[in-house]
Amino acid sequence: MADDQPLLEVENLTTKFSTDNGTLTAVDGVDFSVNTGETVCIVGESGSGKTVATESITKIINTPPGEIEGTVRYKGRDLLSLPESELRQIRGNEIAHIFQNPQEAMNHCYTVGWQITEALQIHQDVSDDEARAKAVDLMDRVGIANASSRFDDYPHEFSGGQKQRVMIAMALVGDPDLLIADEPTTALDVTVQAQILRLLDDLQEEFEMGVLFVTHDLGVVAEIADRIVVMYAGKVMERGDVLDIFDHPGHPYTQQLLECLPEFGGTGGGIPGTLPDPHDPPDGCRFAPRCEYAEEACRTGEQPEEIEVAPGQEVSCVHYGPGGNPSIVRSEGLGPGDDTGTVDGDSEVGPADD
Amino acid sequence: MGFGRYVTARVLWAAVVSLIIVTVTFLLLSAAPNPAVQRAATQAALQGGDPAEAAERARELRGLNQPLYVRYFDFIRNVYTLEWGWSVSRSQPVMEAVTQALYYTAQYSIPWTILTVILGPLVGVYSAANMYSWKDHAATGFAFFGYAIPNFFFGIILLLIFGVWLEWIPITYKTGVPVFSVQNAIQLAIPVFVLVTGSIGAVMRVSRNESAEFQNADFMKTAKAKGVSPLRAYAYHVMRPTLVPLSTTLVGQLLALFLGASLLVEVVFSIPGLGRLTYEALLAQDTNLVLGTTLFFTFVAVIGNLIEDLVFTVLDPRISYDDR
Amino acid sequence: MPRRSIEDRDDSRHVGRRQWLSALGLAGAVTLAGCSGNGGDGSDGGDGSDGMDGGDGSDGSDGGDGESLELSDFPKFGVDPLYGRDVAHTLAERAFEQSEHDYSFDGDTMVTPEGDQVELNIYHSAGQETSQLTAEFIAQELGQNLGINVTVEAIDGTRFNNEYWTAEPEGGTDTVNGEEVTWENPTPQNPGPQSVTSNEPWDMSIVFGLNTYPLNPLTNEVFFDGATPFYNPVGYYPQFNAQELFSEARQATSTDELREAFVEIFENLAYEQPYITLLFSDDIVGYNPDLEGPIENFSNGWDLPAWYEGEPTVSGSYDTVTSARFTTLNPLFNTENGAGNAIARALDQGYTFDENQDYFPLLYDMSTEDGEVWTFDVRENLQFSEPYGQVTAEDFVYLIQELHQADWAPTAASSSWDGVEVEQTGEFQFEATLESSNILWPKTYDPLLYPIPKDLVQPYVEEEDVEGLQQDEELLELQFTGNLGAFELTEWNRGSGTEYVRNDEYYLRDIDEGPDLFSEGPLFEEASVSVVKEQASRLGALETGEADSAAIPPEQYESYNQDDNVTVRQVPTPYNTIISVNHRANGWNAGPGNLFQLVPFRQAMAAAISKQDLIDGVYRGLASPHFTWQPRWSEFYPETDG
Amino acid sequence: MATEESERFDKVDWNDLSRSGRFDLSINSIGMLLTALPLTLLGVYSTAFTGPRTATFEFIGLEQNLESLDFFFIFTLLLAFWYLALPLYQNPRMTRYYWKEFKRNRPAVVSLGWLGIVFVGGLVGPLIMDPPQQQLLIGYQPPVFTSVVDTTPATCVGDVVNGRCFGTWQHPLGTTQGGKDVFTMIVYGMTISMQIAFITTTIVATIGISFGTLSAYAGGWIDEIMMRFVDIILSFPTFLMFLLILYIYGAGLGMFIVVFSLFAWGGTARYIRSKSLSISEEEFIKASRISGASTYQVIRGHVVPNAASSIITQLTLLIPGFLLAEAQLAFLGIGDSAVPSWGQLISAGRSDLSFAPWIVLAPGIVLFFTILAFNFLGDALLDALNPEAEAESE
C-alpha cells in the first residue's frame, strides 16, 4: 500500500433504499478518506445519512432493500466490488465496527468471552485457550476489572459503559487497521463518555488504526477529531481540519451547528426548520430551505461543487463559487472564546429568508 | 435462590402433581362398577350358587371390600414401587404390558420428536429469514396444512395410496422385524410422516414469530460487522434465543399431541403401542391396566413440564431463579 | 342339564373354527366376559295336562275386522303374503282387543289410550355399521306399517348386557297359562317373573343375536323350556306347552324321533315369535386364491392340516387377521372365539365334525349304545412336551374331576361336566355316564376337552389357587403342547397377535382316518394370526396377499367377488338376527300395559318388517330369512322345502 | 410512517370512567339481559314441563326440538353478538382500522369467508333442511359429476352408462352406505362444529379470564396457589381423562364439551395473568387508580379490553384443538354416534375408503378447511389486534 495513498478512500458513495412509497437516497454521492493514525469525524444531525454511509463501507446494510454504488478503496481494493465471501474476511478482521447502543449490541444468550473470541476465531485459526488469553488481556486493556473471571459472565451482568468497553475489545481482537465508531458514547452518561473517548484515543495510537468517528456532538468532535466532514441530508457540506473549521466555519450550516454550542460562544438556540424529505430532496443546495443566506442560485441545479476556501478546507456553497460573494457568508471572529455576540455577518445584504 | 434449590423445588412439585393426578384417576375408577366382580356374580349364579355371596368373595379376593383409605394407601405403595398388578385383559403383568407397548411406541415417537425438534425451528427460522417471500408462504402453508389436517384422515388416505394401491409399505405392522432394519423403517415411514406434519406446524409457527423479532436485533448487526457468515449468524445468534420461548411451548405441544395423535396413528397403522394399550384397557375396563397406563402418561407429562422449566432457565441466562 | 358358555362371535371367524357352543352370539366384536351357567330349571317333566296344544293357531274366534286372516301352523311373517300394512294392522287390532287398555289406530298412526302416538326406542351396538343400519331400517318399517315412532339409540354391548339385558336374580312365582310357576334358581338372564326387571328400562334391541344350535336343537330348551329356562332376559311366557314337548324330545333315541318332536316345537316358536325373527346372515370370508381347502360349509376349516398353497408340499405360511385382541390363551379359561382359533393352531381338542357333520376323532374316539354311558378311547401316540410325557386317560379324568367339576375353579368347560359321572376304565380309556340319555351328546360340544398335563395342574389344585392357574406361564404360552398341535406357538405378542412354526412330530400324521393329505400335515412352514383393528387394513392386507384370509363386510361382497386376487366364500352361521322385545314390566314405555306380551302384537311387528328388503338393503342378499328357531339348512327345520 | 392518529383502545376517557358507576350498565349489557331472559325462561319450560319426547316449540306448532346444548349455544351466540359484534359497530373508526390491517392478510380474509359460510350453514341449515334420511336402497351414490362402478351402489339414482353409475344433483356429495345424503350431514355437522367452537370458547374464556385476572390482582400466596393449580390442570392428560369419564358415565356432545373446556382453560388463565400483570404496570392504570377507580373498574375498564385482543387470538387458536379432538373421538368409535358430526361421518365411511372415497373425503376436507381457517384467522388477529406487536416489528 503506497504511503501517500490514504487507508480508506470513499468516492461518490450513494446508498438508496426502495420502500413502499418510492426510493429513498440516504447517502447521495459522498467522498471522504481516512489515513492510518488519523481520526476523521463525520458530523451531522440524526437522519443526515452519516450512519448509513459508514455501514455502507463494509456493506453491513442489507442489500436488498439497500443499493450501494460508488467506490470504497481500502488499502487499494474496492470493497464494493468484492464478493461477499471476501468482504466477510475484512469485516471484523481489517475493519471493525462499534455501535451506538451497547445494551442491545450483544446476544443475551452467550457469554461475553464467547462473543469476543468468536470475532477472532472465525477469521484466524487460533486455539480456544489462545483466543481466551488474547480476549482477557484485551478486556483488561479496555478497563474491565478482573477480566479473567468476567470472561464467562453474560451481557446482562455488565453496566452500559462496561458493555461498550467489551464491544471495543470485541472490535480490536482481530487487530483491525480501521475502526468505525458509530456514536459509541451517545447512549452513555457524560463521565463514562469521557473515559471511553480517551480509551479510544489511546487505543488508536497503540493499534496504529485509522478511526472513522460518527457523531452529532460537536463537543466530542472537538476532543478527538483530526479532520471532520460535515454531512447534511445525505451530502457533504464542508470538510477540513478540525481547528480550521472551528475557527472559521465556511458553510452556513456548520456555522449554525457551532452556534448551538454554548462553550463556543453560541447562543444555544436550535436551527429553525426540519430536515428535507429524503424521498425527493430539494434542488440545489440541500441546506437552502433552512439557510438564511439562501439565494435563487442556491435553490437551482445540483448541490454546489466543493471549493477550497482555505488550505485543506472545502465548502459546498454557492456563495464561495464563481460569481458568488463569500463575504456574505464568511464571517470572521467566530472562534473559541471570542464572544462577538453578533451572530452573523452583515445581514442586510442577503434577504433574511424568502 | 441458586440452581440446585430451584431444581429440587421443581422436582418436588412434579411429584406432588403426579400424586394428585394419580389420586383423581384412582377415585374415578373406584367409582366405576368393577366388571370382574359382576362376572364372578354371573358365574356363581350360573352354577346354582348364590350370586351375592360370590360377588362378595370376588370383591374380597381383589381387596375391594376394605375401606377406601386402606385400598388407597396400598394402591399408592404399589404405584411407587412399580408393582402395578396383573392385567386381566392381556394376561400379563401390567408393568410388562406397558414396557412391551412402550417398546413399539418408542420406535416411532423418538424419530418423530427428534424430527419435530430439529425441523420445526429450522423451517421456522428459514421462513422468518425470508419473511413474506414465496418461500415463507410455502413453509407457513405446509405448517398450517400439517397442523390442520386430522392425522387419522391423512393416515387412512396415505395407507390406501401407498399400502393398498402402490404396495410400497406393508399394511399390517410386523412386530417380528428387527428395530434398526430397513423393513422397520419402511413400515414406520408413513406413521412418522403423518405425526411430524401434525406437530411441526405448531413448533414452526412459534419459532417463526420469535425468530422474526431476533432477526432485526442489534446483535445481528454486530455479528455481521464481526464478519460472521449469515448461516452461522442464524445457527447461533438467532436459533438459541428463539429456542427459549419455544422450549416453553414445545414440550407442552408435544405432550398434548403425544397421547392423542399417537393413539390414532396406532389404530390406523395397527401398531401395538401405548396409545392403543390405553384405549383397549379402557374398553375392556381392565382397572389395573388403565391405572398403569394413566400413571405412565402422568409421569411423562409431569417430567415433560419439569424439563420445560429447567430448559427454559438454562437457555435464557437473563432469567434468574428467584423470580421464576 | 347341559350348560352353556357365552362368548363373542368374532367377525373374522373363518378357518379351523372351533364350534364353541354359545348361548349368545354378539352381533359385534365386543368381548363379553365368559359366564357359563347351568340350566337351572328343575323341569319336572310335562304333567300330561293337555294344555292348549300350541299348533292350532286357528283364528276364527278372535277374528279382527277386515277379511279374517288365516294363519297356517308354520306362518312366515315378513314375506308375502304375511307382510304389509294391512296384515300388520289386522294382527295389531287383534292384540288391541286382547289388551285391557284400548290402544287403537288413528288413520296410519298407532295411538295410546290418551291419544298420542306410540313411541318406542330400539338399541343397536355402537360402532357396528350393519347393526345401526338394521335398527334404522326397522324404525322406518314400523313407522310406515304400524305407525309407531321408533327412536334409534346406540349402546356399547358390554354396558347393554350389564344394565339392560341382565338383572339381579330375585326369583318369585307367577301364573303362566293358568299354572303356578316358581323360579327356584333364577339367573341373571332369567331373574324371575315379568315383574322382575333390569336396572334400565328398554323396549327393543338388536344388540344380541342368539345361537339356534342346528346340530343339536335340544340345547334350545335353554331358551324356551317353559317360562323359567336358564336364558330368558325378555321374560317370554310361552302359550304352548313347551316343557312337555322338550321332555318328549329328550326321550328320543334316534335322530328321526328327535326331528319328529322338534317339528312341533319350531312351528310353535314361528307362530308365537318370542323374539321377532329377522334373518340368518352368512359369514363372508375372503381367501388367497391359490389356497386349496376352504369350503362353503358350516364345518369350514376342520381339515386345516390338509390345506396348502399352490403345491401340496410343505411351504409358505398361513397368515390370518382378526379384529379383536386375545384376552388369554390359557385353554382352561378362554371363552373367546378369536382366542379359540389361536389356541387351535397349537393344540387340538378331543374331536371335530367333518363337512357332512359326522364325528371325526382327533384325540379320542367316543362311542355309546344307549346314549347314557359313553366310552372315550384315547389315541396312544399322543405326547406332551417334556417333562410331562405321554397323554393318558388319567390326564383327562383328573382334569374333569379335579378342575371342571370342582367349584373353586371357574374353568370355561365347568358347565359342560355338571352331573356327569367320570371313571377311568383303562390306561387309554375312560367312561362318562350322563344323568339322562342324549344320543347327540358330542354335537353339544360338551364332551370336548383340551389335553392338559396332570402334573402341571396338580400344584394349583392342591392349593385351590385360581389366580396362579390363570396366570401360569406354561398354560398362557402353550408350552406343554408336545405333538398335540399342527403348529407350535413361538410368540404371543399381546398387542399384535400370535406366530407359530410347523410342528414336525404332529400326531395326526400317523392316524389312518381322514384325507390322505393328513399324513403330510400341516403343509405350511409357519402360521400367524395378527390383530388388525382397522377393517380397511384387514381388507387391504387380503388384497395385497399379506393375509391369506379375512372376513369381508356384506356391502363389499360384490366388489371382492369380482376381484381376481381374492376368492370369496359364503359360510352359513347358526347365529340369527332378531329383535328382542322386552316383555317385562320395564318394557313398553309408550303407555299403559305391555303389548309385547301379546302374541298377535309380536306377529304384527314381524309382519310389518320386510325381511327381503332388509336382506337386500343392509346385507346385500347375503342372508336368508329367519322364520323359526332353526336355519333353513338344519336337519330339524320344520319344512323340507327346496 | 406513524399510523394515523386513531381513537386507540387504551385511550382513557375520563368522563366515561367517572360516569360508569357500578349499576349504570352499557347498552350492550342491557341488550344482553333483555334477550337472555326469555331464552332462560324457554329453557326452563322445555326441560321442566314438556315430556322427554315432545318438541320444545310444540306450543306454537314448530316441531323443532331444542336440547339443553342448543340453549347454551344460543346463549353464547347472544353473548358474542352483544359483546363482540355490537362493540365493533359502536366504534367504527377502530373497526375500520382493524379491518384495514386485517385485509392485508389475504388468506385470513378467505378463511373469514369460509367460517362465515360454516356459521350461517350451521345456524340456518337444520331449519331449512330436514335431518338426513336413511334410504337403504340408494346407498353409496357417487357425488355429482363423478361415477363409480355400478356394483357398488345397491341401486343407481343417476343414469348408468357402460357399467358406471353417475352422481346426480339430488345428492351433490353422494350418499353413505345407509343412503344418507352426505351434503345434509355436512351441513348438520356445521352446527355441531359451531356449537363446539362457541360453547367451549365461552367456558374457557370466562374461567380463564376470571382466574387469570383474579390471581394477577390477588397477588401473594393466593396467586401462588392459583398458579400451582393451573400447573396441575395443564399437566392433566385431558384426552385420557375424557376416555375414562366417558367410559364410566357415557359419551355425549355435552359431556365432551364440558370435560374438554374444563381442562383447557389453564393456558388462557396463565396468559391472562401475565398480560394483566404487564398491563397493570402501565402508567395509565396507575393514573386511573389515582383517580379513584376500584379494582373491578380497572379490570373491567382497562385490563380486560386491553387483553381482549390477545384473548380472542388465543381462543381462536384453541378452537381447532377442540374440533380435532371431537373428530378423533368419533373416529375411535367412542363419540356419541347419534350426533351427526363430521368426525362421525369420517368414521362411518373409513372402511369404504377404497371404493366409496367421497364419504370420507367430503367431511375430511371440510374439517380440514375449518381448522385451517381458524388458524389463519387466529394469526391474522394476532397481527391486526395487537398494536404493540405491530409497532415492534415496524
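Each chain gets a letter, A, B, C and D, in the order it is written, and its residues are counted from 1.
Going forward, contacts are C-beta pairs under 8 Å (C-beta built on N, C-alpha and C of every residue); 3 or more make two chains touch, one makes a residue touch a chain.
What you see is a predicted model; the values in this text were computed from it and never measured.
Visitor: Farthest chain from subunit C, going by the mean of C-alpha atoms per chain?
Guide: It is A.
Visitor: Using CA atom averages as chain centres, what separation in Å is found between subunit C and subunit D?
Guide: Centre-to-centre distance between subunit C and subunit D: 48 Å.
Visitor: Centroid of subunit A to centroid of subunit B, CA atoms only: how many Å?
Guide: Spacing between the chain centres: roughly 57 Å.
Visitor: Could you grab the centroid distance between subunit B and subunit C? Build each centroid from C-alpha atoms only and quote it in angstrom.
Guide: That pair's centroid distance is 42 Å.
Visitor: I need the residues of subunit A touching at least two other chains; which ones are they?
Guide: Touching at least two other chains: none.
Visitor: Which residue numbers or ranges of subunit C touch two or more of the other chains?
Guide: Expected reply: 534, 536, 540.
Visitor: Would you please write down the residue numbers of subunit D that are in contact with two or more other chains?
Guide: 350, 353-354
Visitor: What are the touching chain pairs in this one?
Guide: A-B, B-C, B-D, C-D
Visitor: Please name which positions on subunit A make contact with subunit B in the complex.
Guide: Contact set of subunit A toward subunit B: 55, 58, 60, 88-93, 96-97, 99, 101, 104-110, 118-119, 122-123, 154, 156, 167, 170.
Visitor: If you look only at subunit D, which of its residues touch subunit C in the complex?
Guide: 53, 134, 136-137, 139-140, 149, 151-152, 154, 177-178, 250, 333, 337-338, 348, 350-355
Visitor: Subunit B touches which residues of subunit D in the complex?
Guide: Checking each residue of subunit D against subunit B gives 228, 231-232, 234-241, 243-245, 247-248, 267, 320-321, 324-325, 327-328, 331-332, 346, 350, 353-354, 360, 364, 367-369, 371-372, 375-376, 379, 392-393.
Visitor: Which bits of subunit B are touching subunit C when the two form their complex?
Guide: Listed in rising order, the residues are 33, 35, 38-43, 45-49, 51, 61, 86, 88-92, 97, 100-101, 104, 156, 159-160, 163-164, 167, 170-173, 175-176, 267-270, 272-273, 276-277, 280, 283-285.
Visitor: Could you pull out which subunit B residues touch subunit A in their complex?
Guide: 217-219, 221-229, 232, 236-237, 240-241, 244, 315-318
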